[in-house]
Amino acid sequence: MAKTDTKTASLDRHGLSDDQLREILRNMLLQRQLDNRGFQLNRQGKVPFALGSEGHEALQAGAAMAFHRGRDVLAPYYRDLGLAVGIGLSPYEIMLSIFARAEDHNGGRQFPNHYSSKRAGLMSFSSILAAHIPHAVGAAYALKYRGESDRAVLCTCGDGTTSEGEWHESMNFAAIHKLPFVMLVENNQWAISTPLSKQMAQPEIWKRAAGYGMPGRRFNGFDPLETYDAVNEAMDRARSGGGPSLIEGTCYRYLAHSTDDNDMTYRTREEVREERKNDPVPRFEAILIEHGVMSAQDVEAMRKDVLRETNEATDAAEAMPYPQAADLYTHVYEGAWQPWQ
Amino acid sequence: MAVSSTSAASTLMNNVEAVRATLYEAMKNDDRTVILGEDVGARGNVFLITKDFIGEFGERRVIDTPIAEASIVGIAVGMAMEGLRPIAEIQFADFIYPAFNQIVGEAAKIRYRSNGEYTCPLVIRTPYGGGVRGALSHSVCVEALFYHVPGLKIVAPSFPADVKGLLNAAIDDPDPVLFLEHKKTYRLIKGEVPDGHYTIPLGKANVLKQGTQLSVVSYGLYVHWALEAAQNLEAEGLSVEVIDLRSIRPMDKSAILQSVEKTRKLLIVHEDNKFGGIGAEISAMVAEEALFHLDAPIRRLCAPDVPAMGYALPLEEEYMSSPAEMAQAMRDMVRF
Amino acid sequence: MATTITMPQLGETVTEGTVAQWLKRVGDSVEKYEAFVEVSTDKVNAEVPSPVTGTIREVLVKEGETVATGTPIAVIDEVGAAPANAPSAAPAAPAVPEAPPASAAPSAPPAQTASSNGARGNGAGAAADADAVLRGASPAVRRLAREHHIDIRTIRGSGTNGRVTADDVLTAARMGPSAAVGQAIASAASPAEAAAAPPASKAAPPSGTSTYGEPIPGTIVPLNQARRIIAERMVESKHTAPHAWSMVEIDVTNVWKWRAREKDRFERETGYKLTLLPFFMRAVVESLAAFPLMNARFTPDGIYVNKDVNLGIAIGLATNLVVPVIKHADQLSIKGLAIAGGELIDKARRGKLGVDDLAGGTFTVNNNGANGSWASAPIINGGQAGIVTMETVVKKPVVRDDDSIAIRQMMNSCLSLDHRVVDGYVASGFLADLKRRLEKMGPDGAL
């Protein structure tokens, strides 16, 4: 792993405490570990599918720190493992989803990474890109409708999704009605095999904000603290009645889209290697060590603890039973299923 | 259609008035109810269904949306997931296609994919059907596109009393309901509507006329014409039973089977195209479950399989089935 | 494709018209623009030209009948539909019974149309039609026929193109097995076939075949509908009901005297002959009242004891067997039974029995003695518990109670019974009761 230049004059914590900084790092480590575990299980033949989020750790951990648990609503997409964990889903819940167990929030019905948790405020979503964004806008409307101040919807998507018509329609509506809504675009430069250059003529997505009549901002998605600042600013604006924002965090997708994708068919190893130099995880470890927030041993201990937690979650989830055949028939409508209905 | 004077217990009104009155009460009685769609606010809907609602309930609750059908439904889905009771309007059923993703891919699956953790109590209202010189984009029937989807409910009442009862039931329903209003019946069909709040359960057909020689199953505008044809055939000594489905999904299977077991002959009459229309599913079900009661092949009297009725009157008339055609089909089947 | 012709409006203010004369009959072909009916109003008489080329399928209004403008008066099948219609169209048309005498009609009588198919040969033609009927039977028809043990081929169809409908099956079921036979016989005796058959058989019969009435050794008598049904019914009865048999010898001397006293006056007053049969029937219905299980039938759900007593009389004709039924025979006096029986026998001999005459029998009597039979073991009519015969009356010396010897008229009566329904106890009780009643009848009394 290449070392990055971590020397900075001073660390702008954006008001975060040491504990919170450590919490951010732990979230990043946990995301990477759980992420990796999915691939390991896939290579072991235990799960048929895995979808990775390497490269997004700083962005998601920073964003999660700005999310008010128990009050805000999250409308993520399927690469937001770190965000899901960051707002309160446990590694056990993540592994239940990967193993498709009956105990999973979705009863093993959804692909892995398609989280849903009313308790945590995480809205159920599908694999259909941008379909969740009008939902997020509708939820934001409901919050405003009920006069629930100090609550906002954090909606995320990748760069690819911003091409969908429903993305546009949602942004427009959110702006018209000044909704408590933040559109966080996690720009990792690739939409499966489509580079940014083929997706949009204007590569800076945040600039569209002006077109909708809302504030926009771009930030370094490899920097969790800058991320926190951007998301916090936007969420605060939304919560206090200031209306929606479009914020864009740049990062990079280090892995292929999923286990069903071979990224060497559309990009080079060199490019990926080059981008690895900016890997946010070792980068933030180094920053915390450098600024005395943690020692190297602390970091090592944290890594080990994250591994332990991941292992425990894996074992516990794997031991749980699959849903049964009869479970296919529940929750079609309210009430019992009937044939020909 | 029985037309009588207004009594203390009911009011004479047409279908569009029935929709309006029902929506009004829903808005008054439940603060979680919001209406959204194109031109529903200031204009009060192109058929004046929500006229003056915005004045009484405010633009917070009666939302004029941009022209964006996908998000009209999608935003309503989000509202429903977050605890409101939205009633989304698609101005004409012909415009519903951009919202197909949100209706079929999302709304219908919210409860199922979250294992019951999230639900989508949403009503999507839309005028459909032809006979108004509406041509390609103001005449289609869309129920066949949607009734295939588990998780969705679809309702198509024909009489004002049914409109009110079923719309109330749809609004109360914890799952997404597509509420189809036949535009030609808006002002054409009048009937007594009981006062006060009531619901008609989804999935219950109505036997409009008893008969012994043939079962005719229909919905929408054609119910009225089929009923008229059947009543006239009494003078020729023919006894035809007419069933108004009212509810397309769930559909009243036992009413259909009970009728077919009595008459042994089934004629399905609907305005939509024949191939893959509602009649196809009914035919298959009856063949599966009542084959040995059938004394004649099941017949479907439907629109020919062309994309739409044309604007020119001969094209519209050729596409649609007239009461005389329905009567002849009934005669042929009784005499078979 | 069927075209319905309606009463035209012959004049601006005209609202109705009268069918003056049908120029075409059912089954006839007609060209487009060819006149097929003459219609009259109070203003004008007019010939109505056909709008299509085809065959007259249905005539809906009778000659002389007046209907409103626009009322359907006929149905024409456009070209292509004709051939299949012809055989069944003939018997269904109201015009047919008049066909043989109405040779004055300008168009060909329908009998010729029918015979063009009939002359193919009775057996083959009938078989082909029967198979078509089976193939075209709907699921409801098949199921109902199965449930009621009815051969679809024995039913005359009232549906389109002579289709057997579910209602037809249910009607046949209500009327009972012998009615089906009767229907087949009735259709076999229909004027159309009657018109067709004689020419075919009067000409030299096809070599290798003969008729039931004139069987030639070494030939095959083809099965007609009636014969086929009788065969099926007999087999079914024997295979379903375990037949047991019993006999009593009855002293009918006094009944004979009573009959002799009354017969001339009866024949004068009614025109019918007075035989021993009505006396016997009267005794039978009284014995049935005393032994209701003899007036019952076996069903899988239980023994159904009939409320009504509908007495069938087995009548052997030259070529087949019919069993017309006297309904509510228990409510008739001897005279009533004699008249009713006489009417039925007369109808049977003239081939005029209707479907109603043959329906609903609950018990059967067979007057077997005409040719000197002393005992017989008849086959039970399907759906009944027994059948009782009258054998020949013989003058015999018999030993009386006081050991004196006298010459008496003695007649055996034989009973075949369905042993699922009744045992010997009931059967012999019934016969003993029958004997007792007959021996008490006459020589005095009113009929």
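Here the chain labels run A, B and C in written order, and each chain numbers its own residues starting at 1.
One rule holds for everything that comes next: a residue touches a chain if its C-beta (ideal position, glycine included) is under 8 Å from a C-beta of that chain, and two chains touch if they have at least 3 such contacts.
Treat the numbers as computed from the prediction; the structure is a model and nothing was measured.
Trainee: Draw the chains as dots and join the ones that touch; what shape do you get: line, ring, star, complete or other?
Mentor: Contact pattern: an open line, chains touching in sequence.
Trainee: Averaging the CA atoms per chain, pick out the one whose centre lands closest to the mean of every protein CA shown.
Mentor: Measuring from the global C-alpha mean, the nearest chain centre belongs to B.
Trainee: What is the distance, in whole Å, between the centres of subunit B and subunit C, each centre taken as the mean of its C-alpha atoms?
Mentor: Roughly 54 Å, centre to centre.
Trainee: Using mean CA coordinates as chain centres, what's the subunit A-subunit B distance in Å?
Mentor: 42
Trainee: Could you give the separation in Å between the centres of subunit A and subunit C, each centre being the mean of its C-alpha atoms?
Mentor: Computed value for the inter-centroid distance: 88 Å.
Trainee: Which residue numbers or ranges of subunit A touch two or more of the other chains?
Mentor: Within subunit A, no residue contacts more than one other chain.
Trainee: Looking at the complex, which residues from subunit B come into contact with subunit A?
Mentor: Against subunit A, the touching part of subunit B is residues 34, 60, 65-66, 68, 70-71, 73-84, 86, 98, 101-102, 105-106, 109-119, 150-151, 153, 174-175, 203, 249-251, 253, 285.
Trainee: Which bits of subunit C are touching subunit B when the two form their complex?
Mentor: 2, 138-143, 159-160, 163, 165-166
Trainee: Once bound in the complex, which stretches of subunit A touch subunit B?
Mentor: 73, 75, 104-107, 109-110, 114, 116-118, 123-124, 126, 128, 131, 133-143, 145-146, 165-166, 169-170, 172-173, 176, 330-334, 338, 340-341
Trainee: Can you tell me which positions in subunit B touch subunit C when the two form their complex?
Mentor: For this pair, the touching residues of subunit B are 264, 291-296, 332, 335-336.
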